[in-house]
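After this come two complexes, each holding chain A, first together with chain B and then together with chain C.
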Partner chain A sequence: MSAANAAPITATDSLTQALKANIIPNQEYLLQGSVLDSAVEVLLHRLRGLCDNVDAGPETFDDQEVCFSLRDPNQQAAPLMLRVRKALDARDMPFQLRYIGQPDLGDKNRPTVVRSSLDIACSGMLIEFLNELGCRIEFEYSVKGYMFRKGRMKITVAKVFKISQSAMPPEPISQSYLVELSVLAPTGQDAIAEDMRAFADQLRPLVQLDKIDYKRLGHMPS
Partner chain B sequence: MQREEKQQEAILQAILNRVNDLKTAIQALITKLETEYETINWPTFLDNYAILSGHLTGLSKILQAEIAPQLRSLVVLPLQLGCKRDEQLAQMTEGRVPACTHDLVPDLLRTKPEPQAEQRLQQFNHKASTLNYDTAQKQVAQFTKVVSHVWEIISKERENWEGESMRASGIQPTHNMADTHALVTAVGTGKGLRLGMPAIVPGVGGPGMGPRVPTPQMGPSSQTMPKAPSTIKTNIKAANQIHPYQR
Partner chain C sequence: MGVTVLQQFPVPENKTGTYVIEMLSKRILALGATQQGQFLVDCESYLSHPQMGTTKTVHILHNSEQPASVFSILESGNKNIHVIADGLFDLFMIKLSQHYTSKKQTKIESKGPRFELGDFCIKLGSVTMNQSFKGILIEVEYRPCVTANAVWGLLREFLQGLLGSSTVIQPPQHLKNRMSEIYTPIDTVHQYLELFSAYRKTTALRVQ
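What follows is the complex of A and B.
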């Protein structure tokens, strides 16, 4: 207590300082693709050859994600989207609250999508808190698959499931696995994007990792 | 003075070397074209152009470098023109220029573009400077549209072609664009995931998450809305009141 009186550094102060020093990894560099169920074993095999964390076999994960939206009472601005993720296979892990900004595709010279991303670990009270705040659930899904690491890069190969109403087994969205290659980095570290592109090239033609603008796809009659 | 001359000689030598490199490269290109035109591997042949352009860049780098101004201040003054064959000149140019004649000198010693070319350039410059900004923008946009359209056609064809060649070689496709888009849109915007959203059966989502989602409170958003800001306001007030006591 006395130490706090001597140097009244609040959490806000240290956060502002960290922001100024540009050490907060708040940018996500992202490439996305998919692989058919029939070829996923080949891809996993290749990733085991390329990645760092494969000594004890590939790391698995089984998460559930709920996407909340917080609408402006005046209905003017686009709703703010917040995502809550919970590990179903490791229940002692905290919930993850995540904000993802608008994806910026840039021109064709930019190797990856860049979007702002803020993650924070939360307790189980989170969902109640968000509800009290006026957030409402937009959609939810579960995602189950494998996670690989290569340096700062994270590669996930996962199946996306609809959450089913009854006791029926969850229904997969498609006959493919979603493949994502991402790096969280502070603003301006564009060099990592080149590394990602190089890594993505090594997975070709098995998977085609690309910049994908889901905002534009959403309007397409597919 | 002597040092300057030496320097000049060195530069000239360097330029000469570069030009010779360029010349041999062009010669090799021509020989290849003339002798191997039936068996040539065209992609490798195209690489020759890259070599040429490399030599050209090297040459222009030397000419642009700081040492070059010395050369710029030198003048080549043709003293005498003649139709008689000059053996020394012919030998120096490997038989290409047998004499310093009237029809060759204007081309060899030219420092400006040809009058015709200069005139056309001026015409274009004039045209560009008188063009309306909006019209120019419109034309650029139109051009971009055309180019992107062509690009689209080509890439589509390429996709088809690559798909066909993959099928032909017996390799099964390992990914599907439509699936990629479906997955990315689902995760990004919830497309295909929203059906039957409000009813979350506790237990399905897992004990950690399911029961905490208060389904009855979900309801229409208009009911939840007015409540939200008031909660925030009270929170802020409370925080403000707490602070003075802490410090």
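What follows is the complex of A and C.
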């Protein structure tokens, strides 16, 4: 009786415990690549052969993503980037709020990009909440494609579209599909990055998954 | 999930909070209720950085009745916008620490025994801010119903039976405009925030 009536643990305490035990998945290991529309079927076929969820066929998704920025009030740090995703094909699902930190590419021996990441399921008026919080919308797009799983790894093959302002069908941004291989894990589980590299090697030469350096892309002549 | 009413209970002169909680516990047990654990509702408020313009407040609340959720209410002018999120929202607030700073000294909570009596669930909370006692909040939930107007008469009668027939029981401010809407856990959280804010203000007056 006395144990059952013990005071509930506070949310702060349980979060501190989870942080100490290092069970919060706050790191994302990421590899990216792209494949031309004409070649995507071959890649999908290969993934169907390699991945876990093959019986039911690949899982499809159709999401809209809005990217927000929150400026540093002291103008010293880079703005905080936040992303909100909602499923267009499952409207009653919660919104996903994502904080993504600066990507760390490491040296050439590190197999994947590592970036800090927080994925939070949210309901309610999240967009309005972020607007009032002081965030500004930077850009938005929709992304439609397939999701595969291999153990803890997630593989998405998806096409990025501009948000259409009219009833016209959304316009694709390019003639290719974006391919991402990622794992969300607690800090320090670097062994998973090796598994990812091994898996990426199995997809060659259909797609070349790599550590993409956005800073260098930004300086490329357009 | 049913409809919940949160009611303040005045602590008589020369009596302590513990005494009142014990007295009410005895009354509830005499009605045939059984104690089912303890409960805790807490609230921490974050203020926006002065350079961000108009001051905005983000209130973060947790309720042991919904242990996997974090309730966040953003107060901006006369608008209140809420978001219900999973536990990692607390870590998100740490990421926002440059923009929103916690007013630690106003961290406030209500905790105490939780009773079940047939379709009712009763919680007797003593409210503390910074370890100092502020008052008593009584939460009564009628679980089989989801709209406040359908059950308001019953809840009022139950509360009067418990607190004495002379007690005037009004629907909480937050519920007044939502009596016919479907009641959800965020409505309970709004009621706590209303009363917590009132307790915080009384402190400020006493200090003056």
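By our rule, the second predicted complex is superposed on the first by the 212 of 222 C-alpha atoms of A that agree within 3 Å, B and C clash if a C-alpha of one lies under 4 Å from a C-alpha of the other, contacts with A are read in each partner's own complex, and residues count from 1 in each chain.
Just so it is clear, contacts are C-beta pairs under 8 Å (C-beta built on N, C-alpha and C of every residue); 3 or more make two chains touch, one makes a residue touch a chain.
Please read all numbers here as calculations on a predicted model, not as lab measurements.
Chemist: Quick check for you: in the superposed arrangement, does A:12 touch first (chain B), second (chain C), both or neither?
Modeler: second
Chemist: If we overlay the two complexes on their shared chain A, which of chain B and chain C does A:88 touch? Say first, second, both or neither.
Modeler: first
Chemist: Now for A:124: first (chain B), second (chain C), both, or neither, which partner does it touch?
Modeler: A:124 sits against chain B and chain C alike.
Chemist: In the superposed model, does chain B or chain C contact more residues of chain A?
Modeler: B
Chemist: Is A:97 in contact with chain B, with chain C, with both, or with neither (first, second, both, neither)?
Modeler: second
Chemist: Kindly classify A:132 by the partners it touches after superposition: chain B alone (first), chain C alone (second), both, or neither?
Modeler: Both chain B and chain C are touched by A:132.
Chemist: Classify the contacts of A:73 with the two partner chains as first (chain B alone), second (chain C alone), both, or neither.
Modeler: both
Chemist: Share the list of chain A residues that count as touching for chain B in one structure and for chain C in the other.
Modeler: 8, 70, 73, 124, 128, 132-134
Chemist: Which of the residues in chain A end up touching chain C in this complex?
Modeler: For this pair, the touching residues of chain A are 4-8, 10-12, 14-15, 18, 24, 26, 70, 72-74, 77, 80, 97, 99, 118-126, 128-129, 132-134.
Chemist: So in the complex, which bits of chain A are touching chain B?
Modeler: My answer: residues 8, 32-36, 38-39, 42-43, 64, 66-67, 70-71, 73, 86, 88, 91, 124, 127-128, 131-134, 136-141, 143, 160, 162-167, 173-176, 178, 205-208, 210, 212, 214-215, 217-218, 220, 222.
Chemist: Report the residues of chain B in contact with chain A in the complex, numbered from low to high.
Modeler: Answer in residue numbers: 166, 172-201, 204-209, 212-214, 217-218, 221, 224-229, 231-232, 247.
Chemist: For the complex, which residues does chain C have touching chain A?
Modeler: Against chain A, the touching part of chain C is residues 35-40, 42, 48-53, 56, 58, 62, 64, 67, 70, 72, 74, 76, 79, 81-92, 95-96, 98-99, 109, 111, 113, 186.
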